[in-house]
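Two complexes, one shared chain (chain A), two partners (chain B, chain C).
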Partner chain A sequence: MTIALALEQLLNGIQLGVMLFLMAAGLTLIFGVMGLINLAHGSLYMVGAFACATVAAWTGSFWIGLVASLIAAAAAGAIVELVVIRRLYDRDHLDQVLATFALILMFSEGTRWLFGSFPLYLDIPPLLQGAVALPGGTEYPLYRLAIIAAGALVAFGLYMLISRTRLGMRIRAGESDREMIGALGVDIRTLYTVVFALGAALAGFAGAMVGAIQSVQVGMGEPVLILAFVVIVIGGIGSIKGALLGALLVGVTDTMGRFLLPKLMLLFVPPAQAGMIGGAIASMLIYIVMAVILAVKPRGLFPPAHA
Partner chain B sequence: MKKMLAAATLALTLSASGLAFAAPLKIGMITTLSGGGAGLGIDTRDGFMLAIKNAGNKDITVVTEDDAQKPELAVQIADKMIQSDKVDILTGIVWSNLLMAVAPSATAQGKFYVSTNAAPAQLAGAACNKLYFNAAYQNDNLHEAMGQYANKGYKKMFILAPNYPAGKDSLTGFKRYYKGDLAAEVYTQVGQTDYAAEIAQMRASGADGIFVFLPGGMGIAFMKQFAQSGVKIPVMGPGFSFSQDVLPAIGDAALGAKASGQWAPDFDNAASKKFVADFQKEYNRLPSIYALQAYDAAQLITAAASKASVKDAAAFGAELKKADIKSPRGNFKFNTNQHPIQDIYLTEVVKNNGVLTNKTVEKIFSDHGDAYAKDCKL
Partner chain C sequence: MLLTRENLVNLILALGLLAVPLAANALGQPFYITLATRVAILALAATGLNLALGVGGLVSFGHAAFFGIGGYAAGILAAHNFSGDPLFFGFSGTNQMWIIWIVAVAMAGLVGLVIGAISLRTSGVYFIMITLAFAQMVYYFAVSWPAYGGEDGLSILVRNQFPGVMTMVPLNYFLICYVILLLGIALFAVIRASRFGAALQAARQNEVRVATVGIQPYRIRLTAFVISAALTGLAGALFADLNRFVSPSMLSWHMSGELIVLIILGGTGRLFGPLAGAALYVAFEYALGGLTERWQFFLGLILLLVVLFARGGLLGVLAGKARHG
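Here is the complex of A and B:
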């Protein structure tokens, strides 16, 4: 194993983490502010990817598609909040899970009805095509570096939004004491819609960015959703900082596990079994990490102070 | 005059009985019509229905249901189809794990199962059954062909498949014929969408060729990411990795990829030309390998139905086994274990009038059976 390979794998882990952060940030924000478990978050990710692929196919520009994905996912989020989610805030989590699970099914079948069952084509913009040289003599896809940069930018933007703006102040207030800020005259219903749309836009953005290097198809959001839940549970539900660190931890652990465990197994068993056993353990690794963290810190790494 | 009428009536009766054996036949199709694998199931259904329509036999009815790629759902549907719909034949399952949940119990209840795709090793070997037919291949076949092909000019292969039964069959099949060294043998999660870690290993492995078995969305994600990685090692795989259902979504990143298949849309025979033209006319897209397999499965069933009643299982089975059809793939007959003996070809992804498709390059195997037939006591 060379330094170059280790560096490349570390970058891969960070890139996966950044992508998970975009999903987890919206999920944890929505849970933190409204106390709502939103299983349909993966569907908003899918909406973003489909909007980007469709608009990019129409206009020939990935960038217009990317803007469209933000708008489409935010709009879908706002509509869903107004029509369905609004009725769920006072219900218990089981009702929320049931209703948002129903939304997953509706989004999936609706998307299939509109776009068909075959995956859509979405390519990386020409500006970000190809690979760049890294120190150590290896190459790394430019687009993955761009995802890392975009994720870092979003993390910084979210930090500024929440700590420096009036909207951020209201979000923080909403997290601490929902009844009180309502009593102080803040329009809590609009605030909820805005937060939900913001979370949806982040998911849509992630869907569009990732859609260009993966497959844009119905059901693409659910595997990511599961990982995003692992991230927010590790990070502490409701904490943006926890989501960022949890996402990076999950991304790096998963990538390094997939890479190193089969090699480790080679010391004990023949290659065919090493690949199989190593691969199987690697797929469990993030859940093992989650279990260990929860055993030590039952509320996650950075639980919000109030809860 | 009277004599002429009688003769004409007799002739009509004879020709009618030659066209269709007048016995109702009900087929239950369970396939994946929702979720990530839906493209495969839709091609299966469409290919199957095309052959049913072409046969024009009014006594054959088909009921179709979606298994959502879930074994427990497939089992429920199969029970319902057998008990309340009273189907005679089941077909259509795409995935080997679903087939293993459905086919053995269906045949145990005296129903035929004609597989349009899934072909796990067990059902070709010791667990073969006289009511179970496979119109596609045995799971290992296309991988074996790529192993055979890789012997020409590749000395160190990097091989990769998802960690599930068909993935293991795949790499086993590849290694059965490949004689060179392996740089690595990697198993990934089923449904994995990010292959950065595996591509980094390929780059560092010093391999001179890469074999991947990643059906559906997994293959799309892998090929797009591989094209961006700057790794310049040639990629090959079984036909599913570059089948017509995924090529449009992969885009130009698939160009030049080598694959194995028992059929490609450019086959130069009358049956294939008719199949491609009919399919394009009916559904306005190129058929995939799944559509072809289902088309042949339906041809086999309709051919047998015109000769024997499905109620007479022995006679119907014997007719099925004759495989009296014009398959678009050319040579096609059943082995002792009721799996195909057929030719397998090397194909290459090319762009034809702006549409990505597979072009036939050369024949890899002639009259290829499978390694498990010897364990089957039929």
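Here is the complex of A and C:
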């Protein structure tokens, strides 16, 4: 094991964390403002990836595909909000879980209907192909660094949006008192649709970015969705800051765990079993971390003050 | 027992589930017997969940963990019995169903105790997500642990034995599952009507009041969660023997979702809700699957419509509103 290899894995972890943040930010925003638990968020991630792959194949440009993914995911989110989600705000969590579970079935099967069962492929844009030399002598793919940068940029943009703009002010007001901002004349129904579409666009963006390093296929959103849930539970549901720290914690823990634990196990057990035991523990590691955090702080690391 | 509308519907459901495989057997259609067995087992699993979810208001999104643990208990014991490799202390598995059931109930209950003890510290949406996460933890463990098939799952070469019964005969196996289902439903009814059940329902309706009269909601809920997990684990063992196969898919979060779906389709908290829901679900699956390859899409659509517009589920339609809820 070398330092360079560890650095590479650390960067992979951060990259995973940044993507998780894009998912988790939408989820936590939607929960914070509307009190809604949305399982179909992973489907919007998938919509983004499919839109990007299709449009990129059609026009030959990844960048047009990326814009298309934002539009497609935001549009899908807005439509779903207007038709279905809107009716769920004053229902209990059980109804929300079920209705959005039903939406997953429809989105997954619908996508398979439109695009077939074979995965689509999305090429990394020429501008971002190639690798960058890391200190220590190894090379790291430029595209993954670009993902980290894009994620950081979006995180900053989101922060500015929420803390510095009128829309952000309304979102924050919606988080602390829904009835009051309605009474003050804010069109709350439109605000909800906008927040939902914003969350959807973030998920679609993440899907498109990740689509270029994995295959674009039905069901790709589900593992990410569950990780994003772990992130917002760790961070405190409704907290964007919690989502950011939680996402980085989960991303790095998961990646480094898979890398280090099998090696760590070598100190205790023979090599044949070390890989097996280390791998098994590593695949459960983030859930163990989550259980420990919730056992100590049942409302996550940064619980919203008012809830 | 009074002959209310609900009791009548329940009786028809129970007899209907018995009549289908008997008729199928007479007509020489074993496929329908298997379908009915599936209904009975899924209904048992959902009855377990209904205790936590319907009566206790604990929305567990992780009951697939218990279902799968029950399944793996059956699979692992049978595999060791077949190969003769000792499992521990020279004990090399068994092919006796009743031992397998005890182990499945104990293991699921034990894991339920651990998961419940941590998860019940939270509530609401946190509880939903933490139970989901624990189930995923078990799922990934099963996928990445190669000793029992990992991702590929584990086959049970010969269905396990029950004294005096030829379990490979489909109708016989159905009857075993049917009797256990009825016992499970009876247990549910007894618990719900007991002082413990009253406390559990009270804790769902108003936690503070329950605490004020000197009952700790946490303990009540934990007990209910463990019993719930154990029942679902028992159903998992039956399910493994029905398919003669266990795989991580029994542990997947889709399974947890399906179990909740069964309860909602049938009617939350109702005694025969899980059976009504399971029958409806398997019938949908079968009928839609025959009509279109895209049946999951329409299943999703139907489910969505039920959640949005038909609250109370099938029993709500057939037997009227629940009298206490």
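Here, the second predicted complex is superposed on the first by the 307 of 307 C-alpha atoms of A that agree within 3 Å, B and C clash if a C-alpha of one lies under 4 Å from a C-alpha of the other, contacts with A are read in each partner's own complex, and residues count from 1 in each chain.
Going forward, a residue touches a chain if its C-beta (ideal position, glycine included) is under 8 Å from a C-beta of that chain, and two chains touch if they have at least 3 such contacts.
On a predicted model such as this, the values are computed, not experimentally measured, just so you know.
Aligning the two structures on chain A places chain B and chain C in clashing positions.
By the touch criterion defined above, A:Ala131 lies against chain B but remains apart from chain C after alignment on the C-alpha atoms of chain A.
Contact with chain B, but none with chain C, is seen for A:Pro119 once the two complexes are overlaid on the shared chain.
In the superposed model, A:Asp177 makes contact with neither chain B nor chain C. In the superposition on chain A, A:Glu139 makes contact with chain B only, while chain C stays out of contact range.
When the shared chain is aligned, no partner comes close enough to touch A:Asp187: not chain B, not chain C. In the superposed pair of complexes, A:Val84 makes contact with chain C only, with no contact to chain B. Of the two partner chains, chain C is the only one touched by A:Leu294; chain B is not.
Touch criterion met: A:Ile237 reaches chain C, while chain B stays clear of it. After the shared chain A is superposed, the part of chain B among 43-51, 61-69, 97-105 or 223-231 that runs into chain C is 97-105, by C-alpha clashes.
Chain A residues in contact with chain B (one complex) as well as with chain C (other complex) are 108-109, 112, 276, 279-280, 283.
Only residues 31, 37, 84, 87-88, 93-95, 97-99, 101-106, 108-110, 112-113, 222, 226, 229-230, 232-233, 237, 276, 279-280, 282-284, 287-288, 290-291, 294-295, 298-300 of chain A touch chain C when the two sit together in their complex. Residues of chain C that touch chain A in their complex: 53, 59, 61, 118, 121-122, 124-126, 128-130, 132-134, 136-137, 140-141, 143-146, 253, 257, 260-261, 264, 268, 294, 296-297, 299-301, 303-304, 307-308, 311. The residues of chain B lying in touch with chain A in their complex are 33-36, 38-39, 41-42, 163, 168, 171, 182, 184-189, 191, 193-194, 196-198, 200-201, 203-204, 216-218, 220-221, 224-225, 228-231, 245-246, 248-251. On the chain A side of its complex with chain B, the touching residues are 1-2, 4-5, 8-9, 12-13, 15-16, 108-109, 112, 117-121, 123-124, 129-131, 138-144, 210, 212-220, 223-224, 255, 258-259, 262, 271-272, 275-276, 278-280, 283.
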